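Both complexes shown next keep subunit A, but they swap its partner, so subunit B is in the first and subunit C is in the second.
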Partner chain A sequence: MSLFLQQVVNAVALGSVYSLVALGLTLVYGVLHIPNFAHGALYMLGAYATFFLVTAYGVHYVPALAISAAAIALLGIALERVAFRPLEGRSPVHAMIVALGVLLFFQGSAAALWGADFRRLPTPFDGVVSLGGLTITEQRVIVILAAVATMIALHVFLTRTLAGMAIEATAQDREGARVVGIDTRRVAMLTFAISAGLAAVAGSLVAPLVLVSPVMGEVVNLKAFAIIILGGMGSIPGAIVGGYVLALAEVLGGTYVAFAFSDVIGFAILVLVLAIKPTGLFAKGV
Partner chain B sequence: MVLPSRLKQIALVVTTIVALVLPLVMRDGYLLGVVISAYITAIAVYGLNVLVGFTGQLSLAHAGFFGIGGYTAGLLMVNGVSFWLALPAALALTGTIAFFVGMIALRTRGAYFAVFTLALGVIITISIERWESVTGGTDGLIGIPPPAAIGPITFTSLAAQYYLVLAFLALTIYVSVSIAQSLVGRSFIAIRQSENLARAIGIDVGRTMRLSFVISATFAGLAGVLYTSYLGYIGPGMSSVAMTFRMLLFLMLGGAGSLAGPLVGTLLISMAMQALQAFEQYQLVLLGPLLVVIMIFFPNGLAGIWGSLEDRWRLRQLRAQPTVPRADEAH
Partner chain C sequence: MQTRGAHRSLGWLLTTLLLFAACSGQENGHGANPGSDVVNIGYSGPLSGGAAYYGRNVQSGLQMAVDELNEAGGLEIAGRKIRFNLVSLDDQYLPNETATNARRLVQQSRAAVIFVPHAGGVLAVQGMNTRDPFRFLLMAYTSEPRILESANPLTVMIPPRYDHYAGPFVRTTQDRFGKRLGILPTTTTYGRTWTEVVTREWQAQGGTVGRNFGVDYNTTTDFSSVVTQVLAEKPDVLFLGGPSQPTALVVRAAREQGFRGGFLMMDQPKFEEMVTVVSLTELEGSVGVHPQETYPASGVPLFVANFRKRVGPAPVLVSEIALNYQAVHIAARAMALAGTTSDVDAIRARIPEVVSQLPPAIAISDIRHVNELGHIVRQVYGAHVLDGKYVPLPIPLGAEPTDTAR
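Presenting the complex of A and B:
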């Protein structure tokens, strides 16, 4: 029983990271209809930014995380302006291929600049918390709390502020949003900034638990795609719920069924769901 | 059918002659090896062209089928089956898997199709990596023999391997051209332009797309078989999504939907990558932005640039010799 509870806590920590990554991906898809294959690379760059701020410049982990998120958000804006905006009105295949090119560039740059070796990010939260027979590392507690706080902040932003509502409106109906005077180009930039920032937060949170490397975003990004297809591409609650569900399935499947194939569970679910319902489980009506 | 312009005919003849005499002229075995690899990749890229260029769906599982073809042939050949039996067996298996996968995958479109095939590609690679008892896992398969001799013709020398691969490349191009000019090929393009319109004029969209998916995957399988028998060893990396990205880059540089594009793009970038081998670690740093720039400024690749140059030249010819008197000269 205690093994089970221990694994559930681990799954919630992992699910928090998945949800943050999936949220960014689903936001960009909802507003721009681009499946951003480079999203995992932003997650990776966010982790590296925090890593270097902490290890090379001696910044404390918490402000380092915030600086990394801001820097990667700026990178997201640049990406929208330079790579995706010129493709407005073109075949969606073009945007997908550009996203692949960006992914190659970021991964290749990280490998060329910092080498392929795995690095360990030290965290000030390296103790453990004991809770009714369970031992949880402090970093996992931080991951869960920070992720939930970020999600609440995102929710408040999207529903209570004018800029957030503009994003919602554009996701619902681009033409309609333009008619009522929303600058959809600025919305696109803002969406990319938020999406990239979320990826950087997720990457920085997870960095002390896993290892930082140029390919750390690859599998996570695929899983995030699985999550948003299950939860409905463009759906925010779908991304959050899907993230936790996938993490639970993986951790429990890995513990009780077969560890070697726990990474494949997400893709297996994805293939099954699309085989039964090609538009995903909770697709938004068009 | 539009007759190819004179320039294209000359280019075709010159290319054929160069391709045929290349092993006699090129004494450097290493360089010839690079050309052979490029030809093999080009066969897979022609396959990708059928789906991406003609039918307009982005499949990211292409290298997965390359791997399935390669591993099927490799496993058979390691166990003593002749290349000439392993080849059709591998093609049949790749095509069959593609048929069943296509039944599911092609219920989705656009972004969903891309993500679905991406997941599929990853599943194929992970399966090859972890099914160690059969595939050898991350160590791969080694000791795959070259194709067995047919009568007096042996395939052990590099030049013989070259001509074997060249023959299959020529076959691939011939099939591609035939498809493009056939009703089936035009149905593919009709679907790319508008699925609803294609359905309205009586095209069975589902069946046609499955056909295009199977053809595309079978080309990838063929390339995989040749890759395996040429190299003599394979690893799970051949099926990776990174390999698909590379093929996509070749296709996009050459020009998706064109018939010369896959070959031109693959040869150019393969050669460039050899020249830049000293900077191997920077390859992706250069190729990534190259892909972005191509998509933004030249979405039809080199074939598109060539086409617009040709149009401009024809226009100038027409302007230079007006065949119809202009209105202002008439009175």
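Presenting the complex of A and C:
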């Protein structure tokens, strides 16, 4: 039983990161219909930004995380403005190619600028919490709490503020949104900013647990795409639920079904969902 | 508007590509001056992707030796002063890319000596390096003994074989911690064969081995759940190994979940790199390869001083830097003795002679001899972390494959 509970705790921490990354990805897809392959690179850059703020400038981890999120959000705006806006109204294939190019560009730049070293981000939350035989590190507690807080903040923003509702409206119907006077280009920029910021938060949260390197975003990127397909492309609850479902499936499947198949189990669920409900768990009515 | 957008995006794409070309252009050696007295040394290793850190380390060792040779005015070979130039190509750890790169290095750069730092790549090029028109001397930096099986006459195996570590490592950890082994190595081909060797040895010395919980160290984001599983078997010792930094994360996860036993490490993770991620206290009770900077060999202090003078105090000195550095010197001296920079058989034939008379600054490990399969046989040390100190663990050289009649 304690093995089961320990694994659930492990899975929830992992799922929190998955969900945060998938949220940014699904947001951009929902509003702009761009599969942003560069999302994993923004996650990586966010981790690097926090790493340098903490180690080179001595900023405390928490404000460093906020500054990093803001900086990467600005980068997201620049990305939309420079790389994706010129492709407006063209075949989505073009946007996909540009997204891939941006991914390679960021990864290559990071490797050229900072080297291929693995770096470790020190965290002030380095302790271990033990509770009735279960152990969890403080940083994982922070990851879970921060992820949940971010998700709630995003929900409030999208449903309670004018800018958030403009994003929702654009996601539902771009033409219609334009008709009622929403500046969809500003919405596009805002969406990219939020998406990039979420990626940076996820990268910075996970950086003390894993290692910061130019390729750290690759696997997470792949998982995030699986999650948003599972949850329904463009669906926000889908990304959140999908993230936790994938993490639980991987961890518990690996423990109780067959260890060697832990990576396969996640994708088996994906295939199953697609077979029964091809639009994903929380598809929006199209 | 459409065409303008297209032009602009095309412009961006081109800019990106150009920037890339500019970045990757740096791969190609430092100041390749194509004068007639410059000899190219080839290198195909992972310079981008997940293993780039390792590939760059090997490259820096090779480059340091090339720089040293050139700063000394070059080496006199057959009456001419020869300078060297390192030509590096990226293979991203993919064996088929290594084969392509080796062809390019032979044909375009006229390289007679090529360094390859991974078993897959070595096995891939062993099929071609003895046949015209691609004959070259393969300097293999991998501890995988399988590369000796084909008895390739133009292969030199640089590092110690990993199977020699198993016996002493198993004995040390069993004596200190107990007989139950938990298995959590990386799942590369190399990781799997290491696991087989350790499993056999552990059982031969009377221990019990748990299930294999191997995971791919390069693609695993969070080790905590797999560590929970392996610890549920209550092992006394954990068998780990993969690149140093992920291995250190596994160590950390195990300690966080209350594991008090020892760690038996492959020869891939290096203590000096792991301590950048975990503390030596967390590594207490580990056995692995001995750190290079304090390796028990006469030439080490001199080499370390030279290395530090060049790169400063920050970079971690690992064996892949040191041994590849040494191997370039060996190859260059073999050229000098053979009086040729292109006759690969003559160069190979002089290697045993060269290693028996290395000057002190290059004698960074105690080389015994080069055996008939081209393996540079050295006195090898593991290290046992005991009370926060690295205690050297001499590794008996064991039977070479010719003796065991493979």
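Note that in this section the second predicted complex is superposed on the first by the 257 of 286 C-alpha atoms of A that agree within 3 Å, B and C clash if a C-alpha of one lies under 4 Å from a C-alpha of the other, contacts with A are read in each partner's own complex, and residues count from 1 in each chain.
By definition in this document, contacts are C-beta pairs under 8 Å (C-beta built on N, C-alpha and C of every residue); 3 or more make two chains touch, one makes a residue touch a chain.
This structure is a prediction, so every number in the text was calculated from the model and none was measured.
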* In the superposed arrangement, which partner chain does A:F105 touch: subunit B (first), subunit C (second), both, or neither? -> both
* Is A:F52 contacted by the first partner subunit B, the second partner subunit C, both or neither? -> neither
* Asked: What is the contact status of A:R90 with respect to subunit B (first) and subunit C (second): first, second, both, or neither?
  -> both
* Applying the touch criterion given at the start, work out whether A:Y244 contacts subunit B, subunit C, both or neither, answering first, second, both or neither. => neither
* Which superposed partner A:R120 touches (first subunit B, second subunit C, both, neither) -> second
* Touched partner set for A:F157, first subunit B, second subunit C, both or neither -> neither
* Asked: Does the superposition put A:F225 against subunit B (first), subunit C (second), both, or neither?
  -> first
* Looking at the overlay, does A:V206 come into contact with subunit B only (first), subunit C only (second), both, or neither? -> second
* Structure fact -> In subunit A, both subunit B and subunit C touch residues 83, 86-87, 90, 94, 97-98, 101-102, 104-105, 108-109, 111-112, 219
* Structure fact -> Note: in the complex, subunit A contacts subunit B through residues 29, 33-35, 37, 83, 86-87, 90-94, 96-98, 100-109, 111-112, 219, 222, 225-226, 229, 233, 260-261, 263-264, 267-268, 270-271, 274-275, 278-280
* Once bound in the complex, which stretches of subunit C touch subunit A? -> 2, 4-6, 8-9, 12-13, 16, 19-20, 23-24, 26, 48-50, 52-53, 55-56, 211, 213, 219, 221-222, 224-226, 228-229, 232, 243, 245-246, 249, 256-258, 276-277
* Structure fact -> Listed in rising order, subunit A residues that touch subunit C in their complex are 3, 6-7, 10-11, 13-14, 17, 82-83, 86-90, 94, 97-98, 101-102, 104-105, 108-109, 111-112, 115-118, 120, 128, 135, 137, 140, 206, 209-211, 213-215, 218-220, 223, 250-251, 254-255, 259
* Asked: In the complex of these two chains, what residues of subunit B are touching subunit A?
  -> 52, 56-58, 104-105, 107-108, 110-112, 114-116, 118-120, 122-123, 126, 130, 245, 248-249, 252, 281-285, 287-292, 295-296, 299
